[in-house]
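Note that chain A is present in both complexes that follow, paired respectively with chain B and with chain C.
Let's look at the complex of A and B:
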């Protein structure tokens, strides 16, 4: 266990940026998002949710998967080298860290997505424990401890004037060694303070819902009239899916000109009309009702059914806060029979 | 419960009970103090859920497009900004006047949750209610009164038409227009316009670079009422799906031009943009240009007028000013 005074974080970041491309939460205009560290740009370590979740570092919104050229023969060019840069993410919150392990279930199970795997391997996650939940936080619903981030390589806990850092993986331990010059040994007092912060972080949740038994319950809800009422408010934008740390659906697009071209993988959203539009014109999800149902069923029924009971939600609350029409997963969990406690 | 909410409930219940309409669009409260989504009320007994509070902001007008497909007549509550959206749909021939029963709600502005959170710890807020010109903020440990004018949404600070411009019934007395809106309306546009051209490009490139193409701006906009949008077309694909700055600009600038002369300044695109892109600056820039080249015009005030870019006049200037 090591520590550093919060007033000396610039030194820490300078050292980290020597180890790889360092990204941390930075405010630009009105938005806080992960951005490449720059010496004179202050980081924002107070805001809990960044605008976009860090999934973009593993699963970028746009990614070339194939390049080709027509000469005498068709030539395929390797587009995978772009995933090689060593990256350090500083300040990833426990919910977003947990989301990556859900994403792994999709992209690291057979057939493994090579670009994703390489990015995962080349990235070090330095998680930052939360001190106090926001009103829209409900990570506890999914058994995520806001003071811990078991999927991270390093865990930093803000004890007030210092960050106390613990290695949680081999990559994390290696990085700690490289940072020896700027970090101090933590004391037993620091250990106690860390425990206090971690314990406190789990208190003060305003939003308490339970998903106990919900996946099973939803098995029989596909044809429920509930969806007829719910969807009407949806304006079919992609805010919820694009801001969601666990949404992972994509589209493959062809960018071709002359004798060469690229095949590009882009984020797509099940809320969009054309998401399931077939080449012949048929759309198996013809109205917004089917699309809204799909999103919630995927998170709360299909995903847990396919992946050992784990829900595809980490309770970060981005969709709760950002949905323009206040149609969010909390509402669905409550109304579809997740046990309610508190607010 | 505020008398405003009571009036909404009574009007909706009456219209539904006597069969004048089979659906009423208003607002209701949800889990959090800042959530007032649009409510779909189909029976008089359900009218109790309606509420008109400092966060009843979302413009319900776009919902009329789908609602009028399965309801002969729909009741809708509209603030000044929302009401201009109805004229938009009427003028674009996407709605017939007799398909809607319009309840007008003069509005002195809605509250910005971010401004409230900046003053009060969000975890402690239980309810924020309008009481005259004050907001009553109920906290877990007491309550406070603050001037509502200090917490207005950006779009309300520049609103020229707080009173509905089209309605069947007005639920209460009209309210005065805020002082100084004629200046504040273009203040941000003017400050961007003062930048050097390269600086201006950098500014917009930075804004658009955050665009994730969620299309919330388009989907919420009553002026974006095409039955099928060019940007959704797969063959040919006018807008690439890759997150490319040039394509994002293509989308945003074409959209701004498409709603030029038709944007009625409800400001919802900017308010709901998850990336915080100042879209109203673009819309208002075009409004400024239209005012300059075609004479003063405000969209959505009168469904019977002639929109400047939808009307040919011999004396219209032929070109654009090079400056």
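Let's look at the complex of A and C:
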């Protein structure tokens, strides 16, 4: 366990940026998002959720998967072999860290997505534990401890004037060694302070809903009349899917000029009409009702069925906060039988 | 090093055969003469035409015919329209095989009833030729096939000449619309099926067609006494990856590209009705 005074963080970041491309939460006007570290730009370590989740560092919004020449002879070039520069993400919250392990279940299962795997391998995550929740936070619903981040390489806890840092993986330990010059040894007092912060982090949540058994309850809810009411508000903007740290659906598109081109993978959304629209005219999800149902059923029933009971939601609250018509996944969970403890 | 699962192999279209006014069959071989990949009847492959795009098609050739793949493709959208414009010699991309394929071991020793409509003969043809190439392994084979008109019969030579000649094999054709050059049955496939009324005992049926045909054929088969475990069908969904990651071809918790496209009616009855 090591520590650093918060007044010396610039020094820490300078050292980290020598180890790889360092991204951390930075405020620009009203938006806090991960940005490349710059010497004189302050990081925002108070805001809990960045506007976009850090999934873009493993699974970019657009990404070339294949390059080709189609003149005289067809030549195909694997673009994924170029993916994965050494990257350090500082200040990833526990919910977003948990989301990465969910995305791993999709992209690291056979056949492994090579570009994703390389980026994952070449990225170090320094998580930052939360001190207290925001109004829209509900990570605890999914058994995520806001004071811990087991999937991170390093965990930093803000004890007031210092950050106390613990290595949680081999990559994390190696990085701690490289940072020896700027970090101090933590004391037993620091250890106690870390525990206190972690314990307090779990208090103050406005929302406590239990999802135990919810996936099973949803097995019989496909034909529920609730979907007929719920979807009416949805304007199919797709915001919820782009902001979601676990949404992973993609489209493949071609960009070509002359005799060369690229096949580009880009984020797609199950909220859109043409997501399932086939060339022959048939669409198995013809109205917004089926699309809204798909999104919630995927997160709360299909994904758990496919992946050993784990829900594809981490309670970060981004979709709740940003939905222009207040579609709220917690409302769906409650309506579909999630038990409300203590309200 | 693991490879990029979205990277196709380069292949050459060695033959283009016109089947109907809007269907062509493309024979595809590896550019370097190797086998592209081993596959089972009913499996699919992603076909790329550069720079237009990529889509999933069922492989219509049988793995018993070695050295090439065949795809029967109907001119429907942007990609298939462009494919219809290419000539033999064109290089394309192919990756696969994808999907579960037909349960050929389960079918062994049984009488088989194939029911197809329109372009959906494509996946059935792979299994039909597989069974007929291993003729002693299977019982009686009956093929009920319907098209919009006599001009729209896909694989005309096999339907009219090759398959009826094989022992213990019957081909029963119908068209939606009467014409001067057609003296066979006129009517939709489900009605024709009920009219032929093949007994369910010892028989497994394999059905593929447009969604509306499948819907009514399944109803007819239930009425005729076929058990859901003995009714096999294949489904179609929009797909981008073919490997269970792009997230759009699911019915409930099953991705059609991985768990399908072949399902028994018993399996479909466990899934939400969204296909």
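A few notes on this one:
We adopt the following convention: the second predicted complex is superposed on the first by the 338 of 343 C-alpha atoms of A that agree within 3 Å, B and C clash if a C-alpha of one lies under 4 Å from a C-alpha of the other, contacts with A are read in each partner's own complex, and residues count from 1 in each chain.
Here, a contact is a pair of C-beta atoms (placed from the backbone, for glycine too) under 8 Å apart; a residue touches a chain by one contact, two chains touch by 3 or more.
Values in this document were obtained by computation on a predicted structure and should not be read as measured data.
Superposition of the two complexes onto chain A shows chain B and chain C fitting side by side, with no clash. Using the contact criterion defined above for the overlaid structures, shared-chain residue A:251 touches chain B and also reaches chain C. Applying the stated contact rule after C-alpha superposition, one finds that A:325 touches chain B and leaves chain C untouched. Rounded to the nearest 10, the angle at the Cα centre of chain A between the centres of chain B and chain C is 90 degrees.
Once the two complexes are laid over each other on the shared chain, residue contacts for A:268 go to chain B and to chain C alike.
In the superposed pair of complexes, A:31 makes contact with chain B only, with no contact to chain C.
Of the two partner chains placed around the shared chain by superposition, chain B and chain C are both touched by A:277.
When the shared chain is aligned, no partner comes close enough to touch A:15: not chain B, not chain C. Judged by the touch definition given at the top, the superposed model places A:1 against neither chain B nor chain C. When the shared chain is aligned, no partner comes close enough to touch A:45: not chain B, not chain C. Shortest separation of chain B and chain C in the overlay equals 7 Å (C-alpha atoms, whole Å). Shared interface residues of chain A (contacting chain B in one complex, chain C in the other): 251, 253, 268, 277. Residues of chain A that touch chain B in their complex: 28-31, 33, 51-52, 61-62, 132-136, 204, 206-207, 229, 232-233, 235-239, 242-243, 251, 253, 255, 264, 266-269, 272-274, 277, 320, 322, 324-327, 330-331, 343.
The touching residues of chain B, counted against chain A in their complex, run 30-32, 35-38, 40, 58, 62-63, 66, 122-123, 125, 206-207, 210, 212-216, 219-220, 232, 234, 237, 240-244, 268, 272, 274-276. Here chain A touches chain C in the complex through residues 65-66, 68, 70, 73-76, 78-81, 106-107, 109, 111-115, 117, 222, 248-254, 256, 261, 263, 265, 268, 270, 275-280, 282, 284-285, 290, 294, 297-298, 301-303, 305-306, going by the rule given at the top.
Interface residues of chain C facing chain A in the complex, by the touch rule stated above, are 1-8, 10, 31, 48, 50-55, 74, 76-80, 91-93, 210-211, 236-238, 240-241, 243-253, 272, 274-275.
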